[in-house]
């Protein structure tokens, strides 16, 4: 069960690559790695908390007010995260800006609440939230890294916003003279990048399937 | 702070009441999706899906009790259509329920073997077998769906499934580049000229 | 029966709302002062970029004045100025001024002016100039904006407060003249405004 | 008569290749050794053979027919012995077989006794029946039985009769030579049509690349002096010979979608049909022969022949000097490409061992390399829209192609696929050489197959549901019966208890025996009752089938 | 035996796709020559590089897609794409700029959608817009026309420059295009009459530019005469661009340029006859082509006057490409017999 949840969240049913949910913040903030990680972590925390809370109340929830309650829970969690972020990671908050409150409307979260947490025990729900969030975070970070490398020739720029001053050393600059490929940083680049990631994932899926059938031709599921 | 809590909770209370009312007032009866599913099924009524007929299977799908890949007569194309309708993942036809025949089949009773037991008549879901006790039975080809349900009850094993003979009238053009094996091999005919590739 | 059902729904949602809102409210309450501190710090950092902290000893973030709308500052609204003092004496003032005719609309500037009318520094705080071209006004992208440092209406002469292409003293950058032209003009106007109103500003 | 010509949308100018087959005069083809007579040579219900293997048949003898009104019987076109009845290759795009009567020709060409008829004395209904019995069908290509078409035209009322002598396809000259050769008979046939349909005017449309035919028809028209009739020379532009296009050229009218020409008071008939009508009415001669063009660069002596129906094409090609033996690269005839019909709308034949039938107007023998379109070797559609420019139906062939190749049949229908007349203009001008028409034909047959399947599955559903209902009813009835019986028994036992003191014991004993007897009657129901049920069931099924059959026909 | 059934018709009257593409290339020659005359032979190098890499990318992708390479290269569509793309770039562009652009055009603009016939957008414009967005500095560095600068690089120097191995006295030669110049000046409230005093302007459009546009016009007319393209799109495009320009010109000739200037500047002519008429991405019904042309004309004027870029042909074409399915759907011709 746990293995299945993990696999689902990270790969088979990845929020960003398969379910294509939460694309608005995904496309908007991933112009560098740190932004991607920042939003990814915030989304992941929200997912874990909302899944846990929804799972806790799943026994006595009434179906007609089910969705408003989920939204209420998610909204509260997000608002608290936003406040905490403002208090402790203010610079990062300035960058991620409006996308933190927008996590409320990230369909992935209500989707997991409705689709998983409301019919599974607390532990599984929390794990699902964590894995789904981790999958989302992974895509955000990867897409951010891709766009940052191609677009500005650096990696982990602004790491200090998240990890504090010493993290400045984390930034890798590949080529000082790189004039930049703006398309990657601009919104169209986000679409291209995401498309490439999705294509890559699908290609790997196809290849894996081919391999399976090669190994065992009778395996025909 | 208190004001915030009061406003939000008051609003929540009101909306809760509205939702509670709506849930009772606008309850949807019946399930039109069953009809839609049923119309996609091939209506062979063969029962290979383990449900007694197409409509029961449609109901089972609609209730989420049965997967969409249990209909061999419909084949993979029906599975795709169902997946499309229900917006679920396309599955591969479940081989446990039987294989799909590309060529439509009809039952055929070998006349010299039939003993007129009427057992096949009772088994036929679409009344496509004609006959009476101690008299030879025959299949009404136009009505037969090729469901094979008449095969097991026959005590003398006199029913075969044969492919429907294709005629010039229901011959289909193929798309360019698709090759079809023609039923008559034209090269066997005397004086035939070959062409094509 | 039905009425009871409806009531239960209402109460159910109400309870959740109360709990949730309370939770948020409590968090808000505990983090409020910390957030305010943060906001203040960021503003201070921006201002300090123009005026190093060692040059002043007052609380510049709170030593604000409101100046009436003026075409010279590019706005139709009252704007806030931040005043810097050392031992009570006026040192410099920082204007929120706007260059209205950038390539893609308004460019928001912070312009620091010393009491003697020379420039402490200029920063573009908000703009939507073409990436790769007009955005060279950002300090991360190029040093161009530092070319205003310690300029004043005497150096160069007001007639030379133009980009080089128009016969002035200021560089434009390759492929874009509109953005620098707009900023040069806005900074010049800010200086003019200061010249005209320097007496009232520190009141 | 002053005729203002209109123009239809699109169309293309083609090299007409008509002169090749017109260099030689029309010849009557000698009898072949064997005739292959397909049972069905028309659109409509199938025919049944009316002769047996081994029978001797005479020229003009009815050999296959049907009782359906939409059908045309088949007559032996010469005398001989029926050799076999069964599947034989026929001229069909599928290259498949159909049931044929094969006759060994005895060479005597003996005819059945022909009763002379007096057509001037006949009523319209009699004429119609006569035409029907003599197997006359439209000879323009579609082979729709002429009699029901005429009858429908008479019922609806016709204001314009259009005689189609356009013959717009390249290579084909059979109508041309027919008009040159038998203009008087043809015009008299038009006269019979006029007599039945009483149109206000009659227009004979002939493309202006057939001056001789126009001349001959004009002369015949003058001699026969038909009222309000004119030969109209129309500009040569493919496909002006399409019924819809010819009507548009001559009258300016479009036939609304879903309707036929006679729905708007226009009746269209091919010149060949007019000749067949004359032969049927004046000579009492069934449709047994027709004009056939053999042409193309793959045959030595192109020309026109009057051919008995059932003549194998192979024989006809021998008459035309045989296949061109083309140098060392193509040493034998197997490199030729055979087409039944014209190069634009005809279909290729996989064998020359197929017979001439009523609809066969042209045999085209082409060298392989002439065929522009090889399957699979075409470029992608670049949506240049040249096809839309030439489409006489004003369709968007590029969209039809797009959706056909991705098998989006709903979309194809939305783009009016079924208004396509398959004239081939789009394919002919396509810069990417896409065999567009084949895509449309494939889509059409797929859609029709789906419709048939849906019809069948709907019927299966109805029958299944009916059966379910019937079984349920039967179960309920049995239950009811059981319950009543149980109640009756209970009542009786109660009554017995009550009555036992009073009633006559002898009578009670008799009653018991009776009851037992009646029970005994019920006891063997395992067999007899079942049979009765079965019988009932069958009766029901029969009744239902009868009523359904009535509805269907 | 299986036999492939070939459907009629068995005769063909078509010009081949390749012939159509060759016609387009011939049509491009007069304008290209004018271009070389006014801006130096460097444009030929640009075209050569673009065409070479267009063919190269096409071949590689076809190979990756396991398609037959030769017939597809032989249809010359990649040559046309490369050529048109090169004409949009500033005349002295660095090689890597051309390669990145044409790469995007062929990969993202053409083959990701399925190759020739399946691309909803004009590939050359996709490549151009990608460059315009990504490298604004390089893409706005136009050279002065020779009549103004009096000199230019020769073929060898141009080649060195394009390959980035020569001395780069870049700025000495660069100038804004006339459209850019007008736009900038209008922002400063300089009246048109004064703007046109600048040395950059000729009699009708910019120096050189007016002749290059005339070259496209001649080539376009040739395409019309031999029926490679239909009149609808160019006429509608130039008509709508001219009309709207004319209206504003009538209102105030000091703040709006004349229709003639709009026609003869930037990519209007090239776009009208060679880019917007790309059949794959254009509307396919006759009425649809008119609406499509009108839409592009209006968008060009909008972008030129109020947009962020001096010229708007590329964006206008791409935006109109997006509307094509809709346009085609609503402009289906009345089918024969439809009521």
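Letters are used for the chains, namely A, B, C, D and E, taken in the order the chains are written, and counting of residues starts over at 1 for each.
One rule holds for everything that comes next: a contact is a pair of C-beta atoms (placed from the backbone, for glycine too) under 8 Å apart; a residue touches a chain by one contact, two chains touch by 3 or more.
All values derive from a computational prediction rather than experimental measurement.
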Joint neighbours of chain D and chain A, given as chain labels: B, E
More contacts between chains, A-E or D-E: D-E
Chain located farthest away, centre of chain A as origin (C-alpha): D
Chain of greatest Cα-centre distance to chain B: C
Gap in Å, rounded to a whole number, between the CA centres of chain D and chain B: 32
Inter-centroid spacing, chain D versus chain C (mean Cα positions, whole Å): 85
Rounded Å distance, chain B centre to chain C centre (Cα mean): 70
Multi-partner residues of chain A (each touching 2 or more other chains): 62, 64-65, 68, 72, 182, 186
Per-residue overlap in chain C, given as positions that touch at least 2 other chains: 8-9, 12-13, 16-17, 20-21, 28, 131-132
Shared interface positions of chain E, touching two or more other chains: 3-7, 134-137
Residues on chain A engaged by chain C in the complex (per definition of touch): 62, 64-65, 68-69, 72-73, 75-76, 79-80, 83-84, 86-88, 90-91, 94, 180, 182, 185-186
Residue ranges of chain A in contact with chain B within the complex: 62-65, 68, 72, 220-221
Sites on chain B touched by chain C in the complex: 1, 4-5, 8-17, 19-21, 23-24
Complex contacts: residues of chain B adjacent to chain A: 12, 15-16, 19-20, 22-23, 92, 95
Residue ranges of chain D in contact with chain B within the complex: 87, 89-90, 92-98, 314, 333-334, 336-338, 348, 350-353, 368, 374-376, 378, 404-405, 434-435, 438-439, 441-442, 444-446, 449, 452-453, 456-461, 463-468, 530-531, 534-535, 537-538, 541, 544-545
